[in-house]
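Across the two complexes that follow, chain A remains constant while its partner is chain B and subsequently chain C.
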Partner chain A sequence: MTVYLPGDVINEPSSSDSSIIGYGISVRGQTRIATQPGAFHNDDGKVWLNVHSKRYIPQEGDRVIAIVTSKTGDFFRLDIGTAEYAMINFTNFEGATKRNRPNLKTGDIIYATVFDTTPRTEAELTCVDDEKRARGMGQLNGGFMFKVSLNHCRRLINPSCKILQTVGKFFKFEITVGMNGRIWISASTSDDIIKIHDIINKSEFITDEDELITLVQNNYTRSVSD
Partner chain B sequence: MAGRLREMRCELSFLKNADGSACFSQGATCIWASCSGPGDVHASKASDEAMTLDISYRANCGDNKFNVLNNIIHSTLSNAINLELFPHTTISVTVHGIQDDGSMGAVAINGACFALLDNGMPFETVFCGVLIVRVKDELIIDPTAKQEAASTGRVLFSVCKGSDGHPEVCAMDAIGHWDFIQLEAAWSLAQPSASAIFDFYKTVMKRKLSVDEQ
Partner chain C sequence: MNIISEHGFRIDGRRPAQIRNINTRLGLNRNAEGSCYLEHGNTKVLCAVYGPYEGKSSKRIEDKCAIVCQYSATKFSGLERKNRTRGDRKSTEISRLLEKAFESVILTEAFPRSQLDIFCEVIQGDGSNLAACVNATSLALADAGIPMKGIASAATCGVVDGKPIVDLTSREETDLLPRVTLATICGRDEVILVELQNRLHIDHLSTVMDAAKATCADVYECLAVVAQQHLKACAPILGN
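== the complex of A and B ==
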């Protein structure tokens, strides 16, 4: 694993053919410069840095968890953890028309996709795909939402990550991971929600699988009221 | 003690509410630094073309009004960050001096860089601070409070890593009488220490990112 700091020149891989420059790296002429501190990753012609951070910067195509803060005419104003609020039009929900509007109130939580970002305007979100289907997006009811770091979210949704698989063997739960560092979980009892929340928070710095299983088992058997 | 840095220690991500935070010490001098942003900015301070820097150094006694270290930290961050990436936002960097045993300016600049690295936002180059004092015609690097009090001249270098990887001055603050030859000697003395601090940054970030090694 190679760690680069901002300003460092990235020379690997030596062959620069058909490379897609990813997160944390910028190109100056023929040189690649790291712009964020991170661990270098390289896969099939793509290069990127895995940056540890807590502040979300909107990117098109990200799935995020948003909080409704207000309604302005046809738009809902949403908090996704960025400097500016994001916006979503009421027609960007599945089955929504002018006669059939979504019923969102201040404080509701929705799961949406970022589909437009420019540095000088608010990000725009949508809850439908190109075929106007929700595909799991929309309002999240009940449950519990909490914040973790962005790199932990990316780790959780990695198909090879064992954290959610191990938790799934012990608890029956529903989870939504947003790329802006927010996680929403729902389970049958509040005790289960508390335990799963603790497991996800504590697993951020665990890399060993046995240690992870021990953590999940200990939380499964513990009593929350203690 | 001349020509050698005191022991450096750093802990990252220890403040839960800040986007980036660092507890950094050199010898007995210790600071806490935090860096939050890019975040919301009041309309009166917002700029349509660039990010607004909100720098605050606070000593552990006295009031929290303007401190001279704000200037050099502001200059350094203006140089290190591409402010045009996030217009209409602000970034807040706060440095608290917890214990002062000399070289507080240099330690504050190093702590600000660690907080920025912990935050993870894009910026152009790492930077560090090196303080050199002159005591009876001898130059001392990273002085203690006693050496600082006995000094006849002080120069605080804010050093950036240039595009070729070598240290470059990006801001400096001098007190006392310095002629050009002495400044050049001080800069020659500061460069190896700046490289050592850059290596320390790499070591600490490697430790922080070691969870990715799997």
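== the complex of A and C ==
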């Protein structure tokens, strides 16, 4: 793993013919400069830096968990953990019409897709796809929402990640992972929710599978009220 | 009492071009996007970075991020207790200096109409407080993953009998000693902050600036090692 700091010139030989410059790298003339501290990656003509960060920057197509902060006319104002609030129109919910409006209050949690991130305007979100179907998006009721780092969320979303599979063998739960570092979980009892929350938080820096199984087992057998 | 003894050593046993020990910890404030604890000898600084977030509309700048810095020293940080830890003239001046310095380091165009808060707290002050704050803020910004031109590093340099001495302690920061605080990016000749206190003869200026730049490059190597070690500790989630 090659680590670059801001201001370093990226001199990887395989990166000279890359055509797509990704996250954390900026181009000055012919040189490529790292703007954020991260681990260098290149894959199939793309170069980028994996940055450890907590603050989310919206990208089109990302699935995020948003908190309703206010309502202004036809739009709801949403907090997705970015530098500016995001917006969603009431027509971007499944089955919403002018007469049938979604019933959202301040503090409600929704799961949505970012579909417009023009600079200098607020990000726009939607809860439907091109065919006006929700496909799992919309309001999240009950459960518990907490924040982790962005990299941990990407790791959990990865299909080859073992964390959620291992937790699924011990607990019956429902989970929504947003790309903005927010995770929503729901289970039958509060004790289970607390245990799953602790497992996800503690597994951020665990790579060994046996260590992960031990962590899940210990949380499964412990008593929360102690 | 002379600052440099006849054998070429300072009061605490250092050579004129030698800096004090730097110890750091990154990421200890869980609520902040980035945080850093830095010890520069006996100068101890805590720094936390919040944001970028949507700040007040009065501070909003249309095409870039507004940087707000608050510098404060605890009541017990000096030899005598202070009644007012922030908001006095000296703290406000240092806050503005830090704001202007990091406005030229951070790529502010990446976050239009937002605000970035930097909080610096000096827990124990033993000279070179401003330089320690700059170093701690750089590491905190790197910990937060804010896009930057490079990691800034700062150092102080004074002149005694025409010879430069670097990284002054509080006993060396007398009212008569001319001293310069300099901050550069990546140890290169790219200056983001210069502060001069007391009067300095023009003949000594180039000597002091050269010594301060060399010391900034040394401090940058220390900060770069810390940031790289922290990134390698995050290897499980950065993807090997």
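Keep in mind that, in the parts below, the second predicted complex is superposed on the first by the 219 of 226 C-alpha atoms of A that agree within 3 Å, B and C clash if a C-alpha of one lies under 4 Å from a C-alpha of the other, contacts with A are read in each partner's own complex, and residues count from 1 in each chain.
In this text, a residue touches a chain if its C-beta (ideal position, glycine included) is under 8 Å from a C-beta of that chain, and two chains touch if they have at least 3 such contacts.
Values in this document were obtained by computation on a predicted structure and should not be read as measured data.
With chain A as the common reference, the superposed partners chain B and chain C clash. In the superposed model, A:G107 lies in contact with neither chain B nor chain C. In the superposition on chain A, A:G61 makes contact with neither chain B nor chain C.
Within the superposed three-chain model, A:T207 lies in touch with chain B and with chain C [touch as defined at top]. In the superposition on chain A, A:S53 makes contact with both chain B and chain C.
Taken together, the two structures place residues 1, 3, 5-8, 24, 35-39, 50-55, 57, 83-84, 119-120, 151, 204-205, 207 of chain A in contact with chain B in one case and with chain C in the other.
The touching residues of chain B, counted against chain A in their complex, run 19-20, 36-41, 48, 80, 85-90, 117-126, 160-161, 163, 165, 198, 201-202, 205-206, 208-214.
Touching chain C in their complex are the following residues of chain A: 1, 3, 5-8, 24, 26, 33, 35-39, 41, 50-55, 57, 83-85, 119-120, 149, 151-152, 154-155, 204-207. Those residues of chain A lying in contact with chain B across their complex are 1, 3, 5-9, 24, 35-39, 50-55, 57, 82-84, 119-120, 150-151, 204-205, 207.
For chain C in complex with chain A, the residues that touch the partner chain are 33-34, 51-54, 62-63, 65, 107, 110-114, 142-151, 185-186, 188, 224, 227-228, 231-240.
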